[in-house]
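Pasting the structures here.
Here come two complexes built around subunit A, the first alongside subunit B, the second alongside subunit C.
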Partner chain A sequence: MSITTAPPKESFRLGMLVYDTRYRSITIQIVALIGFLILAGWLVNNTLHNLAVLGKPIDFSFLKDSAGYDINQRLIDYNSQSSHWRATVVGLINTLLVAFLGCITATIIGIIVGVLRLSNNWLVARLMTVYVETFRNVPVLLWIVFTMAILIETLPAPRDFRGDDSEASMVLFDSVALTNRGFYVPEPMFSRGLGDLPILADRSSPACAVPEGGGPVSDSCGLFQVSLDLLLILAVLGAGFYVSSLIRKRADRIQNQTGDRPTTWYLRLGVVVIPTVAVLVLLGFHLGRPELKGFNFQGGIYLRNSLIALWLALSLYTAAFIAEIVRAGILAISKGQSEAAAALGLRSNRIMSLVILPQALRVIIPPLISQYLNLTKNSSLAIAVGYMDLTGTLMGITLNQTGRELETVLMGMLVYLSISLCISAVMNLYNQRVKLVER
Partner chain B sequence: MKQTVLVGALALAGLSAGVAGAATLDDVKARGKLNCGVTTGLTGFANPNANGEWEGFDVAVCRAVAAAILGDPTAIEFVPTTGKTRFTALASGEIDMLARNTTWTFTRDVDLKFEFVGVNYYDGQGFMVPKELGVSSAKELDGATVCIQTGTTTELNLADFFRANNMEYEPVPVETDNEAQQQYLAGACDAYTTDASGLAAVRATFEAPGDHILLPEIISKEPLGPLVRHGDNEWGDIVRWTLNALIAAEEYGITSANVDELAQGTESPEINRILGTEGSLGEMLGLNADWAKNAIKAGGNYGELFEKNIGEATPIGLARGLNAQWTNGGLLYAPPFR
Partner chain C sequence: MTETHFVRTQMIEEQEPPGATTGAVGWMRENLFSSPLNAILSLLSLAFIYWLLAQALPWLISPTWQANSLTECREIIAEAGYGGACWGLIRERFLQFIFGFYPPHLYWRVVLDFALLAVALAPILFTGLPRKMLYFSAVYPFLMPWLLWGGTIWTPVMAAVGFVIGYLAQRFLKPVVGDLAATILAFVLPVVWWIFLAGPVPNAFASILPLAIETVESRAFGGYMLSITIGVVAIALSLPIGILLALGRQSDLLIVRSLSVGFIEFIRGVPLITLLFVASTLLNIFMPPGTDFDIILRVIIMVTLFASAYMAEVIRGGLAALPRGQYEAADALGLDFWMAQRLIIMPQALKISIPGIVSTFIGVFKDTTLVSIIGLLDPLGLSRAILADSNWNGIVWEIYGFIAVMFFIFCFSMSRYSMYLERKLRTEHR
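Then we have the complex of A and B:
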């Protein structure tokens, strides 16, 4: 006689949700989730209700209205008659510009300082320590304001450049003017340029009508316009680098077969430089110099002191953190690696660039991402120096002129969130590539 | 009971906006203090003095209102606001009234849901430039760099003015008057633009005020006045009629010096009604009968406040101009107290 020992069938009772340890944790989580959702819903509902009572229900139609204010730094066409939406885009581009410039500069400075902090040279190492400690221990807002104050107070005003025996003069063969309103540098110009290509243009809109007798469409056509000259030059440069990489691969192949590496540097340099120079000559490339006309310098590229102050302060501040990250990354690589590399006969700078840094990157990249995010978010302090970024336009003047606090701030938060997530995504992709591949 | 407190605290923490609305008068009385929004510091209009007490032309309006309600011109919590934060502060109930060189415009009144209770200074936007620039008219400012406070009507006027005259300019946005002064004095901007009264006030604080001139063009109308939120008309009435009482007091010759004497009763029924010895105007406002007497005693009538804070005897040196009584060819005209 065989006894089947099937477990007693237990029917599910409601009480088990609380008393049975198998279900209890799930019950608690679900209850907490419901509670959280109710609270969030109540907050949202309360907000909407109170806004309705105030007579200000959520409404984004103000974005279509004419903004009415001017923005000094605009990388796309904008005037005071443009919409609040366009002012928002102008601000967003300014934010992206300073964040992009800042991230690059901060990375370069950070890596150099981080490596030098480990230098055997006592003085250099200590100087770098002083730099890191001063910058990361003072709030970034103070650095921004301080940099701006230095620019304003120490550099000459444009009117000091006037006259034959002026108090101030331009530098670098009279091509660059450093004033307390910003730096004026020569701009690249093309006497036989190809014109601009409007992006996201609505062909039927009056702004995009081709003027009689041909010629370029007006600047206000499309969301923004891309210089065809720039595209052409980038294309030629890209092709040059591609051919250059083919030559390198061929050299690698020959080296693998014969052991001798053919000298290719002049070929590789040539395929990049010669076509680019040819295109520049064909387009009639020349530099437009800034000149003092009226109240200000005219012509050239105008880097406003607000941009410079913000860029410099954000870069130097974030670089101090990046330097520490780089130092930690390098120290994380065991000494055996550099000793092994030295035993192979590599020089110390090649040990650093070929052996240590590639491995250190695995440690460096993840915290570096958060530094990039910090820099981007810190750029919202721009209004302290009057840099018209997204916070200055959308969440500043537009908010003030339209009184739409909730809408503008929500939009601003959403934009910063999107930018941060994009940076994270890109950097995570890069991290995937450099991280240790386990076989 | 506990639950109610919790929900109440959450409501307060999350969204105080809009919850404050009705019965501002009761709130002020219960608090024993008036929360008044002023500038972060503009000499003559609102600025802390050496003892840390706020004083100035706009501050005086706050003090008069506090005196009318609470009988004490010092029962005030001054909240410094910038051009950007002022409206949010008022709409959210952080302040009960705003007396901060604020221009009365259609959108602010209608779209931003505020109630302008009157005008305490008729102003217009002007430009200040250094004398050495050699500019004598705003029409010569083509291509100039102009410092401007963000979040103000001046920003829009400036854009309109340069567009209408087909001129280019470079705006340099700044947050406060102090930043503007720093940039302007260092030559980082050629001109500074704001309300003409503000320019005079700023120039008065310079080391060498004579080196700077105000250009003759006044490019806008800027009626500056105190304002309150929409939705509490009784509160708006109190602030409106306190301001009117100050203006009427000058017209009828009631000063801080003789107000006690006049409050014993006079021949003039209008003065009696204002000072509460006749009729029941104070009661209608929900205040004591001597509300206007207290308001006038706080700092004096409109004329006294003007002369003391921004008049010709002060470093700011503003003439009455448009801000004279209607009887003297100005625009000040208080409706009748009856």
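Then we have the complex of A and C:
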């Protein structure tokens, strides 16, 4: 007796490509791929044809040409003879600068507002709600131009600071001048400084030649220059924090073994503060104050009001969103958690740091980082107030001067894309680390 | 010896609560002055509110509504002895803020268009209304551009005919050529129709029956009308495209998934302003030689792509939040992919993602202000022209304040509607 178990072998038919689920997915994918390739090919073909007709094939050599325009707010050396490439780098650094400053202030304001919105003080909670709703429901571009208008219209002109009984006066012990052209703040200076370290420098180029009799090389040497003083201070600070964390770990160990925690706060404070102060004294640290000379201020760091307006507006706007995130994160932790912690005998500050915050941060951090991403992308609106960021240099003046729309816009998009992807990568890394382990 | 006991024989009278815990005083003690820190915060807030009102109210209440220039404003203010704002500007330019440079004798078309938009949206937004109104919602997308841009009526009609052809092919060719072929034909026939026949046929019809209204150039569009047009079209188109992209990103098919992921991540990774640069400088280079897209159309395309990528991520969140059992239950019922999506997955996923969808809508509407950077005359773009007007030179706050208030009204009502929808659709844990 024979039992047939295997189903009858079916020969392959063309219809199975569509009706058999084993093959259908392949069919769909191939159709999708062909469709995509046809579309992409069509677009590229059109583009090449049109560019050929216009007589400007894709060519990035314009980046080496002299830019011929000035950038007034910059962190690295640049002048109108510099190349378009250098203008792009200046713009990129300006973008990163305002994004970095904005993220810090937006986080601080956002956390304060988010916590105050949950306050049991009726008035304060309402006031914060009004702040959040006002900023969230009005376009950020409007806030940027509005802040710029406030700075220009309400602050005094530099000439108002002149004379003995001047109309305006400097604030913070005569060290900061708030004018309608921008803010002048004291500059950290080192009388026994170590000089600057050129990064990506070509040693053979004339800009990097050491002047006769020694001394520092010219400012235009290298892609940009990093202050060695700053590096040294950062290194000392970092080492201080590292030693401080070692002391904390030792205290933890002793507490685990004996039950008593040694008092360490003065040690931990000391290892951070004393070496840093010592280095600052050794380097001859002092503040260079801005001073009124003629019709304008000299010395100090000059922050243009385009930077200030962009920074303020982006921070306040993003802070409204961060406040909502913080509020949602705190509300997401159920009351039972803090009650359970209290039942274990923890004090309220320990409940916050050991129970509530670690759980709330898991909810807060991912949307927080995507707000940082939004802030970075919104910083491209700098073009509306004339702050020379990447959009203003590469996709603004360079585009208009060279007429290379395709190359500049593509480059700009790629730069923004890589910034975004870097931030997302950090976020994914964090998510991996704090993810709850589920079944 | 007598012992005295004090045993109460009746309940004591209920007493009023202490005066300090009831009424206004009690409320203030509880909500404003419950601790020293709270008291300080309350006083600081009161001081701030007083300062704000003291600054703003005298400025806001300004009898300058009838002024025709800034100098007139100043005269009126000096005469009245109070006030500060110059509202004559808003009176004079109000219509321009709404309609841009649209021909004044055709304003009725814009008004009618947006009134009909409300009619078309109503059955979608409020489920209590008769379902028959949805037919009008289906017609509206073809009616809207015709009313705004004008021209012959046959162009939108022929565009709509393409969809009718697709529907008829799906409906009536199925018994003749089979399921699959009918579906393919339902996609191919309309495309053929739009590419080859939708151009010449309307011209033929127009020569027979010239039903046309006055054409308005895109240059004339401006003000809130432009913002609303771009916003509404981008929002309406981004939802279906976003759903498709989200499904593509969730799909098991490698190529479909990587194409969706690539598109979404690229669009989300770049600022909208760069996409608008693409719209203003590059889109015509990507098209076959001789194509000249209208600038508003180009901007709408890019804003739609931008919104779709964000929408896709919001909907993907909704899909991911759905328990695995729902998918398995749909499979167990024997539903195919699209039926499962339509009947089981999407209704729940979209419900979960309503807050995200609405905040994407609000974001897109706010982002329409960016078109002022590439030279379109949205409210912010118009404000620049007005700031340069010699009659009103020196006025800043009134314009920005007016624009901000208008945007606030639009966006705030949208977010309130989303809250209403969330409450209405919440079916569990009431």
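Assume the second predicted complex is superposed on the first by the 416 of 439 C-alpha atoms of A that agree within 3 Å, B and C clash if a C-alpha of one lies under 4 Å from a C-alpha of the other, contacts with A are read in each partner's own complex, and residues count from 1 in each chain.
Operating definition for what follows: contacts are C-beta pairs under 8 Å (C-beta built on N, C-alpha and C of every residue); 3 or more make two chains touch, one makes a residue touch a chain.
Model, not experiment: these values are computed from the prediction.
Undergrad: Look at A:L234 in the shared chain and tell me whether it touches subunit B only, subunit C only, both, or neither; answer first, second, both or neither.
TA: Neither: A:L234 stays clear of subunit B and subunit C.
Undergrad: Which holds for A:V171: it touches subunit B only (first), subunit C only (second), both, or neither?
TA: Neither subunit B nor subunit C is touched by A:V171.
Undergrad: Touch check for A:N46: first (subunit B), second (subunit C), both, or neither?
TA: Both subunit B and subunit C are touched by A:N46.
Undergrad: Touching A:F295 in the superposition: subunit B (first), subunit C (second), both, neither?
TA: first
Undergrad: After the superposition on A, what does A:L417 contact: first (subunit B), second (subunit C), both or neither?
TA: second
Undergrad: Classify the contacts of A:L127 with the two partner chains as first (subunit B alone), second (subunit C alone), both, or neither.
TA: second
Undergrad: Considering only touches as defined above, state whether A:Q401 meets subunit B (first), subunit C (second), both or neither.
TA: A:Q401 contacts subunit B only, not subunit C.
Undergrad: A:S80 in the overlay: touching subunit B, subunit C, both, or neither? Say first, second, both or neither.
TA: The answer is first: A:S80 touches subunit B but not subunit C.
Undergrad: Taking the superposition as given, does A:G55 touch the first partner, subunit B, the second, subunit C, both, or neither?
TA: A:G55 contacts subunit B only, not subunit C.
Undergrad: Of the residues on subunit A, which ones does subunit B touch that subunit C also touches?
TA: 43, 46-47, 50-51, 53-54, 149, 153, 383-384, 399, 405
Undergrad: Can you tell me which positions in subunit B touch subunit A when the two form their complex?
TA: Touching subunit A from subunit B are residues 10-11, 14-15, 17-19, 21, 83-84, 87-88, 91, 107-108, 111-113, 132-133, 141-145, 150-151, 155-156, 158-160, 162-163, 169-175, 179, 182-183, 186-190, 230-231.
Undergrad: Which part of subunit A faces subunit B closely enough to touch in the complex?
TA: It comes out as residues 39, 43, 46-47, 50-51, 53-56, 68-72, 79-81, 149, 152-153, 157-160, 180-181, 293-296, 298, 305-306, 383-384, 386, 388, 392, 396-397, 399-403, 405.
Undergrad: Within the complex, which stretch of subunit A touches subunit C?
TA: Touch residues, subunit A against subunit C: 18-19, 25, 28-30, 32-33, 36, 43, 46-47, 49-51, 53-54, 119-124, 127, 133-134, 136-142, 145-146, 149, 153, 377-378, 380-381, 383-384, 391, 395, 399, 405-406, 409, 412-413, 416-417, 420-421, 424.
Undergrad: Over in the complex, which subunit C residues touch subunit A? Could you list them?
TA: So the residues of subunit C touching subunit A come out as 31-32, 34, 38, 41-42, 45-46, 48-49, 180, 252-256, 259, 265-266, 268-274, 277-278, 281-282, 284-289, 362, 366-367, 369-370, 372-373, 380, 396-397, 400, 403-404, 407-408, 411-412, 415.
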